[in-house]
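Working notes, beginning with the structure itself.
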């Protein structure tokens, strides 16, 4: 390799239109964002179900939920992603055949959202369970005393009342979801990290592209942080300032 | 509070909208999602180009298949085929007895020797003796990994396994490897590149071992897809006979890539 | 990362079941069901490859454990000053430390690893001085990059925890120390650091488990750890599920052992607030 420091920073490689790779990087970034959003939302749904199951479910449901969160919290994300990517989507199709729906074509995007969602689901189960437990029991009892149905108690009291306790944890999970999408590079999904790797490998400008991708991820984190601060401030209105 | 819920529900809606993709029956053509010139390499606009991409297009046109290019990770390409993430592999995969236990192959569509390259300033042969004590880079789950394990590691070489070929090449250029073993055409492409020309040269082809190195490159197909296999074999034969194969090969090679 | 998030992502000592809790009727039923599942997996799936790979799995596990403990220990050594300067340091240092933590925590570890190995690592040989130095034999290897990336990441996450821990030590305790005429160093060594460590301990457990969960990433830069050995099995046997299931099981076992060890230590140290 020629020792030419000038060639180390060839900014035109980052140009938005080909032959620059900037556009490809941004498309990868959009894919990452889509998976992070989808996976995070799916995880939130699983988490709400999981937390209620763990707190109010029967003994068997409770134990099954415990197994789910224990496994996800004990096994590396990379291993889970591989397992879910190959086995999980296969299992869904087997199940659909069993039910008589026939196979569906699971695209890479859906598979990505699915694996990130399942991992996030376990994390949010734990975060939400802690938050629900922090809601003063009297508030939920009062709602029951008013004769509210369990669903109504959940939507009118438990969920809104636990949000302030859950938001710090949930916002951390959002940041983790955005970074976990990078692991999908290992299964060949063209999100930001894989596109970066391809761009770097094709142009041999490894440092430049990895730094550029790092800047994109960092920007996402910093922008998210601004929004998180806003949401946190709103959700804590009326709370006594805690030290 | 309401706004927070609103934000969450919007996030949810966006996420769900992302998951709703339309299902259609097509043939998903799998290959490694990595630069592997001159066979498959990505360009900056997100398209794939190279000899093998043209081969894919020719086969799909000839066999009247609705093909969708689907890059996947090389080290998971066979599981991707068996779990139906992809339907065929057109990704420079050699036909070997070991792979035949799990998947099926079409007839071969190219065949080239296996070569070893190394730094210009060190002279050695591509033999077990020449590579003794050296660190050799190979791509994982390739015939080259198996071959190097059998012949070179046994003779005292160390193997380093890379997920992509260009990372092995890059590490050779960076001086972290003493040699790289791979397909001779892709190594020639590397040696012609600016980086490869500056650092390395070819040390020779390895002695053939058909049991490991296989009998050329074929299209990987699931064992039960016999009908598809018939179609692809007929298409390979047809493009060989009607000159299509020769036409696009000339753009890339000045020799017969189909091999003897 | 707050303590609750770490807890949500990593198994912790309070999650360990008690021996007595296994003997509830529904649990016995579930365990029987689980045993049947394990039996089916053992019986109907292919495991004939296992004996051949046992020695390599063993050495892979050693590499994984070496990666975990060396980087957690090194990372922690960096985390203490990182946390401290963010609380008391002069402004430029404070600013630098907090940006370091933000940048590392704001980007994926996989990217950092590739940046170090393929980005920075391929620049080194361009400088003859490095190529001829005594460091070169190490810089040629891949594990130093793995250790560096994992250490930096652990230091950044744990540095943030230590910042909170240092800031959280009640001012009164430090004032009492000063009133006793302790020097700044004695005050730090005898009161501030031990109290901060004590506060950081539960999170430290979680961060170590998270670090274990991060180690397989080094396999992508050719370090042959447990994950890499299993990848090898997958490629040589063309099996999709069995090796991955075994890998998940091994990691669960390692995490379990780690958590049990933490529980043992936690019991020996009087807990906060007690």
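The letters A, B and C name the chains in turn, as written, and every chain counts its residues from 1.
Here, a contact is a pair of C-beta atoms (placed from the backbone, for glycine too) under 8 Å apart; a residue touches a chain by one contact, two chains touch by 3 or more.
Labels paired with UniProt names: A, C = ABC transporter permease; B = Amino acid ABC transporter.
For clarity, every value in this text was computed on a predicted model and none was experimentally measured.
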If we define chain centres by averaging CA atoms, which chain lands farthest from chain A (ABC transporter permease)? Would you check? B
So using the touch definition from the top, which pair is joined by more C-beta contacts, A-C or B-C? A-C
Chain A (ABC transporter permease) to chain B (Amino acid ABC transporter), mean C-alpha position gap in Å, rounds to 32
Centre-of-Cα separation between chain C (ABC transporter permease) and chain A (ABC transporter permease), whole angstrom: 21
Averaging C-alpha coordinates per chain, one finds the centres of chain B (Amino acid ABC transporter) and chain C (ABC transporter permease) separated by a number of Å equal to 35
Could you check chain C (ABC transporter permease) for residues that touch two or more other chains and list them? 118, 122, 125, 220, 240
Residue numbers of chain B (Amino acid ABC transporter) (touch at least two other chains): 76, 79, 83, 167, 170, 173-174
Please set out, as single numbers or ranges, the residues of chain A (ABC transporter permease) touching at least two other chains. 1, 82, 86-87, 186, 197, 206
Which bits of chain A (ABC transporter permease) are touching chain B (Amino acid ABC transporter) when the two form their complex? 1-2, 18-21, 23-24, 27, 34-35, 37-42, 44-45, 82, 86-87, 89-90, 93, 103-111, 113, 160, 163, 167, 186-188, 190, 194, 197-199, 201-202, 204, 206, 231, 234-235
Touching residues of chain B (Amino acid ABC transporter) toward chain A (ABC transporter permease) in the complex: what are they? 1, 3-5, 7-8, 11-12, 14-16, 18-19, 21, 23-25, 32-35, 41-46, 70-74, 76, 79-80, 83-85, 164, 166-167, 170, 173-174, 193-195, 198-199
Chain C (ABC transporter permease) partner, complex, touching residues on chain B (Amino acid ABC transporter) are 75-76, 78-79, 82-83, 99, 101-102, 135, 140-141, 145, 160-163, 167, 170-171, 173-176
Given the complex, residues on chain C (ABC transporter permease) that touch chain A (ABC transporter permease) span 1-2, 4-5, 7-11, 15, 24, 26-27, 29-30, 102-103, 105-112, 114-115, 118-120, 122-123, 125-127, 209, 212-217, 220, 227, 240-241, 244-245, 247-248, 251-252, 255-256
So in the complex, the part of chain A (ABC transporter permease) that touches chain C (ABC transporter permease) is made up of which residues? 1, 3, 8, 59-60, 63-64, 70-71, 73-80, 82-83, 86-87, 123-127, 130, 168-169, 172-173, 175-176, 179-183, 185-186, 193, 196-197, 200, 206-207, 210-211, 213-214, 217-218, 220-222
